[in-house]
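Look at the two complexes coming up: chain A is in both, with chain B in one and chain C in the other.
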Partner chain A sequence: MELSKHLITWRLLIVQGLPQTLKLALVSLALSFVVGVLLGVIRSRKWIIINQILGVYLGVIRGIPFLLLLLLIYFTTPIRDIFIASVVTLTVFNSSYISEIIAGGIDGLSQGQFKAGKSLGMNGIEVMCYVILPQVLNLTMPALLGQMVILIKGTATCSAIGYVEITRTGTVAMEAFGNPQIIYIYVMILYFVMCHALTVIGRKLEIKGKLKMIGKA
Partner chain B sequence: MASQANNDKRELILEINDLHKSFGDFEVLKGVNFKVYKGETHVICGPSGSGKSTALFCINGLEKYQKGEIIFKNEVITRHNVRKIRTKVGIVFQHFELFPHLTALDNVMIAPRKILKQDYKVVKKRAEELFKKVGLADRMNHYPYQLSGGQKQRVAIIRCLAMEPDLILFDEPTSALDPEMIKEVLEVMKNLALDGMTMIVVTHELGFAKEVANYISFFEGGNIVETRPPDEFFKGDGSERTKLFLKNIINV
Partner chain C sequence: MQFNLKLFIRFFPQLLNGYFATLKYAGVGILLSLLFGLIIGVVLCMRIPVITFILKWYIDIFRETPLIVQMYLLYYGLPYMGILLSAPVAGMMAIILNESAFVAEIVRGGIESINPGQERAALSLGFGRVHLLIRILLPQALKSIYPSLTGQASYVLKDTSLLTLVTIVELTSVSRYLNSKYLIPGTAFIGSAIFYVVTFWVIQFVVYLLQRRQKWN
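Right, the complex of A and B next:
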């Protein structure tokens, strides 16, 4: 493969693929985080009926492959937009895991923390926002970041319904220039850089959070 | 020390009438009656499992109860006003329960700022004065893990004081402390009592009770067996059960 083709491939990947991957990843990340935390808080409240319905929902979502969920949402719901279908799938899938991480974190805190918050006149939402969630986010940071890395990698699967992101761009370049070995290695490098950067940042945040709360990392 | 007769002219802060609570079949509180007047320090002692702490938690609604009423400053505590009352009734926990993600100063400031919506500068000034008062001016920006048990409990006490409460409940405030730290916490509590704060203290520190309390109540089997001023209480001419309790404690 000549140098110009290498350059064109990189240009395609970075100018066309990367922004689309980042757009999908960031929107889904924000949404899954919000939905996941909400579901996690609800689940930790142990309201009998809601909790059972939620348990079934989460069990179903986590019991089917991501690709199948994507196809189901794209082909069986009225959502016809590829981007929106991808965002919805990534959000539904990842928020179900995030909710368990958050619910577990909340259950792990001592009841005394809830009582202390309440005893100062806070209502349930205030106790969550000022006392419980800041601690839970600090403590579950490693698991949450792991889930975010999974989400970023999940964006590649969205090419299956035609979303053009890095992997799909790589395939286009490969169809034009041949050399799948080299092109897919380039694609791999891009994913690795994104995920590894997130892991490194996550590790830093985790250390910072732990230092603050328990004095050692 | 004021006599019972004088008390009736003073301001009644808290009144508990016929309080009952059960965990399933197990009746923890069996019709507790209790009164606290403004400025009094009321010590509750008694064996473990007798319901002392449960009764304390009922006062600010952290425990539910099945029967009876609790009246705080002429207002019956209900589900609807309990949050407002909690801003006026502080509680100090056995295990401190400071918020580990906040500095000592933020622990003290968070409720006045976020719940009472008071001005930052006003709250900060008040908090700083409180830190000075309990001898922790140099620890304000430390996180709870950087503080000793005694320091944590003093921060927990001023976290209550920052709300400017009318009543503070202490749930065995020194039980989780190393012996040499107990004194610094009791010292702070003693000064509070001398400043005229109304306090209900569940504790086994009978030395503190003797020195500071206006009344000592002996709690046993879900009810108050007797309530007397400390000098009478320690005379040991009360109920048989109190005598036994005192004998055991003094022998230890």
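Right, the complex of A and C next:
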């Protein structure tokens, strides 16, 4: 492969692919975070019937492979836009994991936090927003960043229904220039840079959290 | 476009065939990725200078790039480098390389979390590094990490759905085929989702039983 083709491939990947991947990742990240936190809070409340229904829903969503969920949502619901179908799938899939992380974090906090909030005259929602959630988000940040990595990797699968992002752009470049071994390594480099940055931040936060716990920061 | 029980029963044998193929791939994938993951995890803990460096990069690269891109790289790229593999071999290679990286990380974490006193006691009794890891540290680590390992098994099951993108016939491919031939997205995709969810729940139930037994002990 000549140098000009390498350059064209990089240009395609960065100008065409990267913004689309980032758009998809950011929109579905924001949505799945909101939905996940809501579901997590509801799940930690342990209302009998709602908790059972949520448990079954989460069990089903987690049992279905991401690709099948994508096809399911794209073909059986009235959603006909590829971008919206991808966003909905990523949100449904990742919010189920985020809700588990948040519910686990809330369960991990001591009951005294709730009681202290109540004794200061806050109502349930205020206690959640001002006392519980800030602590939980701090504690679970490494796990949430890990989920972000999974979300970014999930956007690659959205190329299967024809959403044009980095992977799809790579396939297009491959069809034009051949040499898939080089082009897919370029694609991997782009994903690796994005995901590794998040992982490194996660590791740093984890160490910081541990230091905080033993009172050294 | 809704789920239709009559159609589901009519196409049940085809879906079942696809399901058996999925089980076959998942079984091979789980066994081999567990094996390689354990080996890599143990070798990683021996702290051999160059090998540890290489393995760390291998784990980072395969954990932080999408499986689908790895699959494309092996499936489309290897023939260009003169290595001709059949589609199932290339696809399974991608899954096994990906999952053993995750398993190796879990094993490493498990071994490193063991009390260092164990290591010193074994060394003072005259154990070599290899014996120490295999006889003393690994058995103890396995006890604490097997829930994550069985969780990884269900990830392998779900990963096999991506094999459909490299032309391998399994459950997701069968449902895609049924959908494109008879235009029955509801029945085809929800039907195969039922297979996946039931299998996932069986795995979860086995994990639950194992955990309960461990608590009894």
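What we mean here is this: the second predicted complex is superposed on the first by the 203 of 217 C-alpha atoms of A that agree within 3 Å, B and C clash if a C-alpha of one lies under 4 Å from a C-alpha of the other, contacts with A are read in each partner's own complex, and residues count from 1 in each chain.
As a convention for this text, contacts are C-beta pairs under 8 Å (C-beta built on N, C-alpha and C of every residue); 3 or more make two chains touch, one makes a residue touch a chain.
Remember, it's a predicted structure, so these values are computed and weren't measured experimentally.
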item	value
Which of chain B and chain C A:V15 touches, first, second, both or neither	neither
First, second, both or neither for A:G63, with chain B first and chain C second	second
Per-residue touch tally on chain A - higher for chain B or for chain C	C
Chain B versus chain C as contact partner of A:N138, first or second or both or neither	first
Touching partner for A:Y130 - first (chain B), second (chain C), both, neither	first
Partner chain(s) touched by A:M122 [first = chain B, second = chain C, both, neither]	first
Touching partner for A:I53 - first (chain B), second (chain C), both, neither	neither
Partner chain(s) touched by A:G112 [first = chain B, second = chain C, both, neither]	first
Overlapping contact positions on chain A, where the chain C interface meets the chain B interface	none
Footprint of chain A on chain C - complex, ascending	1-2, 60-61, 64-70, 72-73, 76-78, 80-81, 154, 157-162, 164-165, 172, 175-176, 179, 185-186, 189-190, 192-193, 196-201, 204
Chain A residues within the chain C interface of the complex	59-60, 62-69, 71-72, 75-76, 149, 153-157, 159-160, 167, 170-171, 174, 178-181, 184-185, 187-188, 191-192, 195-196, 199
Residues of chain A touching chain B in the complex	110, 112-113, 115-123, 126, 130-131, 134-135, 138, 212-215
Residues on chain B engaged by chain A in the complex (per definition of touch)	57, 60-62, 83-84, 86-87, 90-91, 93, 95, 97-101, 110-111, 114-116, 143, 145-146, 159, 163
